[in-house]
Every structure is written in structure tokens, then in C-alpha cells.
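Chain nomenclature is as follows: A, B, C and D, assigned in order of appearance, with residue numbering initiated at 1 for each chain independently.
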């Protein structure tokens, strides 16, 4: 079933989302095709736990900026590698909490808005919950698997667990060995960017596919922005396919991952990453950037 | 480094295997190219725990029959779906134990040699350790991940755990919820069949890829039989690639999965599965089959 | 003589139970025929999920195993066996689990492991496969078996896959999220759990079948619902689709277990 | 003026430490340059593994991030991020872990999290990334940093990734399988753990560097090994390979962190 949502269709989408929410009820629907603005309006609410994922590749930057534009507040932002798009969301004051494992501008240096929030509580205080990549990845795996926790060899001897309640010790019932448990991540919404979707909402992404499958499957709702809508998904080496019945909504957003890259569509805009450093270093230049984005 | 092993090369391969065994030592070597007879002779020893995996597709039947031919004894045979090739190994008296989750002739019926062993201890008593598919798959995942156990929602309310020591209850340290733990599987040897390998021992398989990656990564040693040796592995949609440095040996065995199938090479020989039923039903007809195979 | 066989009636009825469902985790054998028929009749968008890792398989012929090549080739996605259980089945995102059974008891519990003592069995059956977790984790399950006294039994010697366990509340007490076996479909009729006792009771009888014949083929004292219905006959379209499926399959050689 | 820079000496030395190794888990920044150089010099068959999921990456230019497109396109296999940590790093099948650091202490412990108090830090650093488990699970690790007193510090305020912890036996007591940081390579020399104390001691000094300069740049009282060697100068081949790598990278725009 494909429903094109126009401006008046938001009520229907809202009903549909309730109907499709995780529960024992049967008859999940296929993903709906929406505009980016509609998708964010319907799926991302103030106070939600939101995971925008994409590991260097396919970062859903356009969706993040739409969240800024719509003025969402008090979000728990979840992401393994908060980079430019999270710097922007944090600087814009959207986030009350950040759950993450590595926050930097890859290949450039610091995230200045992230640092300003953590070091100086500007523009608002931000609570952080910090993990390692292995821990975050396993938290998504647990979330996608319907388990409350995952087990790994991790964090041992480090100071990370001292500051994070979602890390614990667990004992192997067979060998008695002590291992580490991390709590599952189940975001309210996962947002990812993919190369393609077909008109039934089946999503295809390839190249470095990161933790996006896990983020979508762990979340209650999901929004996927795509470079291209196609009639048929041609099989691709290394592709991950998410069937439409596990995706809530798909929005057609060409270049939606810029300045990161979409393999087969465009390269990483390394200059943008460089240029973000001076923009973000200063509250005023950042403010001007923000005005431009929200005016757009 | 590629070493072609001839009949005199077995000593060198033996040295190499010791050198490559799991340990803190560095400098793992690439997979060696061997004949099937050499690979089985070097890698599969009496008393070993051996996993031949392949989920309906790419079953390493030729390797299994070579194990019969070489007269291995007291094996612990591990496999999610012991089908014809395990019926043959069990009937030939190679197995002291069977670790499994579903034992049948798919699309046909019973495995008569398996049943004769379990019901009548013929040709020898066989100990069984029985799981569900979800449990076995997770046991391989734990083995491949270097963990002593895996967690799942499984077995609850069934009688399976009553007879199997490798299932236990575990409590979530965050929610207090009771879940199921299964002990890791770490076979001495994993044997799989794949479509292709390159001359450096990188292995490529596609289609239904089952639990083969996990079996190889969980095992101390691995033998991969392949349809084809190629100079370069062309990327394929849905392909799993195992780099040569995690594979011990590769043997070129065209039609090595017959009567199962190798996608892109040949179809499943459904008539063989049918014809196995009368052969295996009777100890004498099976004996004649066995004489033919071992004489080959 | 009717225009359809008892097996066809069973399969058509099972297929109908998938109307309005988005996804079905398909067990081997009879369930696979019914699930594939549903895609050709009442539920064309139904995503068929096989434990071999095929998600959204669209086979043109009946698969002979849960890992036939065509399942993977026609699927929306093929994932590893660990992933199909962990990411797809376990979290409860699949609407219906379709299971066969060697034995099923009055509360929908299933045995596919042994007849007789576990350590020295009279008959050794194939074992669990994916069934215990399909029965536990799908939002609901449907069991498809031929109606025989040795199949529908009063008590199981071995519970491979849980139905309603000992009765009301048992699944919830064990923390299972799926609703359990909402329907047992046989070649004689349809049994559904009594809301009070969770005991499988006859709610629909196939055309031309006598209630006494169903009682005689059931291994426990069968309760017949007061509002017993007669199953709607297979339509011409259903029969055509089913026969086309099974003919194409048998011309490939080999039958379906 | 020498024919090579201190950074080049550091990178060449780090690359040499990968000779004879089959696989290297590559951290971001300086380690990536050295690992890529090794593939072009002493260790052409080295499998480079990146936390983005690329196994056996063969980039022609230096990647600017651990997830550059060319890493995936040239890799033997690309796997998911959970898989790279669980199946590839965690079981200890990777020979060497190559790590950078904001701070490293005398026992090879690493801080990449905060300077100052955790809850109100003076400087908030990027955090852990893949490093804690790379440091724990690789068969051995090599740390590459520029030699500065604020980098090689006596004590860490925050341990992000464990080296030898409090000293001998600490890693074993925690159940860690990898041997830990067998070498710290800087732009001034090479430090290796003393077998008795696990303290990093100067075992090799780069040509033209004075021992006192190394002491002055080290945040703890540096022990100099009696058998102190002078690092072999970069060969012409090494320098050519390195410069070709970095030139090609910089023409793509952007520097390497």
C-alpha cells in the first residue's frame, strides 16, 4: 500500500503511526512516502530519544538540519560519532542529552559547539552518557534483537564505566568468567540516509553501512531519507536492504547526506568539514550560520 | 604467500598449523591451497569437534565423505541441520557425539542412520546435545565473538533445557529480567563449502549463507572447499567474504556441495535426497553404499 | 466426491488466516504451502520469512526445503541465520508464525523431538529447528497438521515448542510476548483456544466432515463450540492457485515433506 | 637540516613495527598514515582493518576518516560496525592495534576523554571511539603520538584505554588477552615497556635527537635503556612512498588529523 501524503495527510499519517507502533497487534503497514518536513514533524517529537546514524558515510545531515528548523527541544541525541550534524543540533539548543562514543570533526579536530555545551553549558546544559564504539554498537544490537542488554569484552580497566550507569558486570553461567554488560538502546526514532528506496518503501544502502540497520530495527519509529526513489531495487554488492514493513517513512532527499558522502552518488565534501571549524569555533559566526539554516 | 602442497608437503603444513593456532602470537599466515585429501588428513583428527556447516545451500558433502574415507573416529559432529551428509558420517561410525538442532532429510523425511544410532546405538552409541536453531546460531555467534556465552529469548517453557547442560538462565543486570544463556561453540575444525576462493585463500560465498562465517570464525582451524579458484573475486550481491588470514586451508572441489546446491553453479539434486531414503533405511543397503564410497 | 481434497481444504483455510498480515515466519512442510498460497490469494503483499535467512521470499514454485535457492534469489533481503533469529524473529516484529508438528496437545504445545523416553526413544523425530522461538516470539502462531489421534494428543511426552503451556497465564508468567497458537488448522476443521481455559476447541468444521469424525481423530475429549461454523469451501481461484503451485513443484521432482 | 622531518621519522618507524604482521586494526590519525605506509614498504600483505567495517582496505590515498569511501571500495570485505568489533576485534584475531592518544602515561594507559574534572572539564576531548577495545583485544598494540610533555604525562586524570594499568600483572588480573602496548613511537624516539615494571623506557632515539631533549619532552622521569639504539634513518624508498601518500592525500583537500 502506497499513500502519498499531501499537506492535509498528516492526520492520516499520525493515525497510521499509532497503528504501526510496536505491539502484539498484527498487520504492520509498509513505509509511507513523505516529504522531509512531514517526516520530521510527524516522527520526531520534543523530548524524544533520537538516533541519527551513519558511520562517516550516509550521515543524515539534511534530516538533522530539518530538526533544527522545526525547533525541536529536549531531545536525547544518540549517535556513535556525533560530528558536524550533532554539533549543529547541540549548538542550536535541541539537545538535553547526548549518548555517544566519539565526538569530533573527523580529519579536522574538535566539535566546538559540543565542547561549548559540555565545558560551558552553552546554549544550555547537556547531560552526557558516554560509551566506547564497541559498547554503543552492542547496545544497538541488543535493541534490535529485543534484548535488554548485550555482553562484550569491553571497558575493563578504564574509567568510562565510573560515569555511566548503562555498563555493568555480568558473570558467565558456564565458566564463571566476568564480562561486561551494556544496556540496550531503543530510540524513539531512528533517522538514517540511504542511497535508494523503491516505491513500496524498501530501503537499500551499500558501502560502509555502519550501524544503521541496527538503529532502525532498535527504534520504535524510523525515517529514512534517500538519494533516489526507484521502481525496482537492483541488487548491489555489499547492500543492506531494510524491507518496507520495518520502516515507518521514507523521504526523497537528494544530497541529504552532504557534506558526508553517498557512495555511487557523491564524494565527501572535505572542504565543508574544514570550513565548519571556524564557523563553529565562535558563538556569533555559528549564530549567523544558524539564522541562515532556519531561514531556509 | 602461497604454498602449493604436494604429497611431501604435509610436514610443512603441520608446522604451519601449529604456528597459526589461536594464541597471542602475531603474524597469522594466509590460507594454504591443498587437495581435499590433504586438507582432511591435516585438519580433522580422531576425537575432534568438527562443524560441517551450510544451511541447505553449500553443504560440504564431499568433505564429509572424505572424512568417512579416511576413517576418522570418535568425532563430535556439530551442525544445525544434520542431513544426508551427517546420516552418512553417523552410519559410517565416525561420530561419538552429535550437537544439533534439526535432524532430518529436508523435503523427504527421517534420517534413518541418525535414528538407528539414537534409537538402537547402531553402529555405535551416539551421545546427543540438542538445541533449537536460535540457540545453535547464537552459540556460534558467541564462539566467533570470543565470548563464553550468548543471550537469547529461547527455550522458555520447553523440555529442551532439561536434557542439555549448555543452556542456563541469566538475569539482566539492568532490568532484572530472566533470559536464556547458551554456551559458546568453538569447534576444533569448521568445514564449509563456498563458490569461490582466490589464490590467496580469500573465500567468497553468496546466496543463503547460513551460519558459515560464524562457524569458521568460531573454530580453531578451518577447511573451505570451493567450486572455483579464481585470480580475482568479483564483488557479488549478498556475498560473504572470509579473508585468507582467517582460513586455514582451501581445497578446490568442484561439485563439492552435491547433492545440495551451489548458487550460480548447480541446482539441488532433489532426486538424490529422495533416493537416500531407501538406501539409508536399511543397514545392508547402506553398507553397500558405504563400501562404494570408501572404495572410491 | 467433492471437487477438492481434505488437504486442499486445510491448506486453503490456513492461507486465509494470513489475510491482513504483513509478515509470516514460515516453518517447513505444510505451513510453507499455505503461506505461499496466501501470497497468491488473500495476502499478495505478505512478507514470507524463512529461517534460512530469506526475508520477503517470492518463490514461483513450492520450496522443497527452507533453504531452496529460489527463496534467496527472490527475497527482498537475505541475512545470516543468526540475524534472522536475533534481529527479525526474537523482537516480535513478525506477525504470524506458521508451524507444523508431529504432535500437538490440547493447549497447543508441540512435540517434534521424541516419542517415548528422551534417552532411549521409540521414535526419534527431527528435533526443534526454529520452532521453539517461532512459537515464543511471533505475535501469533498458527499450527497446521493433519488431524489424526496420534497427532492431536492429550499429553506430550516432550514439549519442543510452547503453546499455552499448562493453561491461562502460563505464557505471560514465562515472559513470552507473542499471543501463542491462535488457531490449529487441520484437514477436518479449525480449532481455536477457549478464552477461559486455553484448550483448543472446534470452532469450524470443513464441509462434508462429521463432528463425530473430528472427535474420533482427536486425542482428547473435544469441546465443540456452540456457534460451530462450517468452513467456507475453497473458491475456484484458491484451488487454481494451489494446484498451480503444487503441480509446478512436483514437476521439479521430489515431494514436499 | 636533515633530509626528512621528525614526523616522517615517526611514521616510518611506526610502519616498520608492522613488518611480519598479518593484520592491523587502525585507529584514526597518525596511526592510519603509518599503517598505510607499511602496506607500501615492509608489509605489503598487511590487512588493514578500520572500525567502520573495512577489512583489508587498500586505499591509494590516505583516508581522511576511518570511514572514507575508498576504504570500503578497496576492502576485501566490508562488515557492519557491530560485526567489526564482535567478530574481528574482540576474539583477539588481529595482530596489532595502532592507536593515537591525547595523553599517554608511563604505563601506556591512554586518555582521549577529558582534561580536568569529568563533569566540568577544562578540555573535552572526543572520547573513546574504538580505542578501549582495540587496546584490550589486539594481540599487541602500538601507540603513535608526537612527543610533548602535555602528551606523555606522569598520571592520567581519565583512563580511556588501558595500557599496563597499574603495572605488572594488572592486565592479566583483569582477564585481558592482548599483550598491551609493546611500543610507543614518537617523533623523538621509541619507548618500550620495561619487562619488570612495565614502565615505558627509551629504547631507541631518532637520529639527531638528544637524550636530554627526549627527557625534557617526557612528563615522567624517563628511564633510558643502557642499550639505547639509534633508530635507523628512513630509506629513500620509505620516504618516497610516504611522500607520495601524503601528497596525494593533500591534493584531495583537507589534512589528516
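The rule is short, and it goes like this: contacts are C-beta pairs under 8 Å (C-beta built on N, C-alpha and C of every residue); 3 or more make two chains touch, one makes a residue touch a chain.
None of these values were measured; they are calculated from a predicted model.
Seen from the Cα centre of subunit D, the chain whose own Cα centre is farthest off is C.
With A-C and B-C as the two chain pairs, more C-beta contacts join B-C. Once the centre of each chain is set as its mean CA position, subunit B and subunit D turn out to be 38 Å apart. Here the spacing of subunit B and subunit C, counted between their Cα centres, is 30 Å. Inter-chain spacing, taken between the CA centroids of subunit C and subunit D, is 56 Å. In subunit D, the residues touching two or more other chains are 86, 90, 137. Counting partner chains per residue, subunit A has residues 141, 146-147, 152-153, 177, 213-214, 238, 240 touching two or more of them. Applying the touch criterion to all chain pairs gives A-B, A-C, A-D, B-C, B-D.
Listing the residues of subunit D that touch subunit A in their complex gives 28, 51-54, 64-69, 71-73, 78, 80-82, 85-86, 89-90, 113, 118-124, 126-133, 136-137, 158-162, 165, 170-171, 174-176, 252-257. If you check the complex, the residues on subunit B that touch subunit C are 55-57, 80-81, 100-104, 106-111, 114-115, 118-119, 130-134, 137-138, 140-141, 152-160, 163, 177-178, 207-211, 213-214, 238, 240, 261, 263, 267-268, 270-271, 273-274.
Only residues 1, 22, 24-30, 141, 144-147, 202, 213-214, 217, 240-243, 245-246 of subunit B touch subunit D when the two sit together in their complex.
Those residues of subunit C that touch subunit A in the complex are listed here as 20-23, 45, 47, 55-56, 76-77, 86-87, 90-93, 95-96, 137, 139-140, 177-179. Touching subunit A in their complex are the following residues of subunit B: 145-153, 166, 168-170, 172-175, 177, 179, 181, 183, 235-239.
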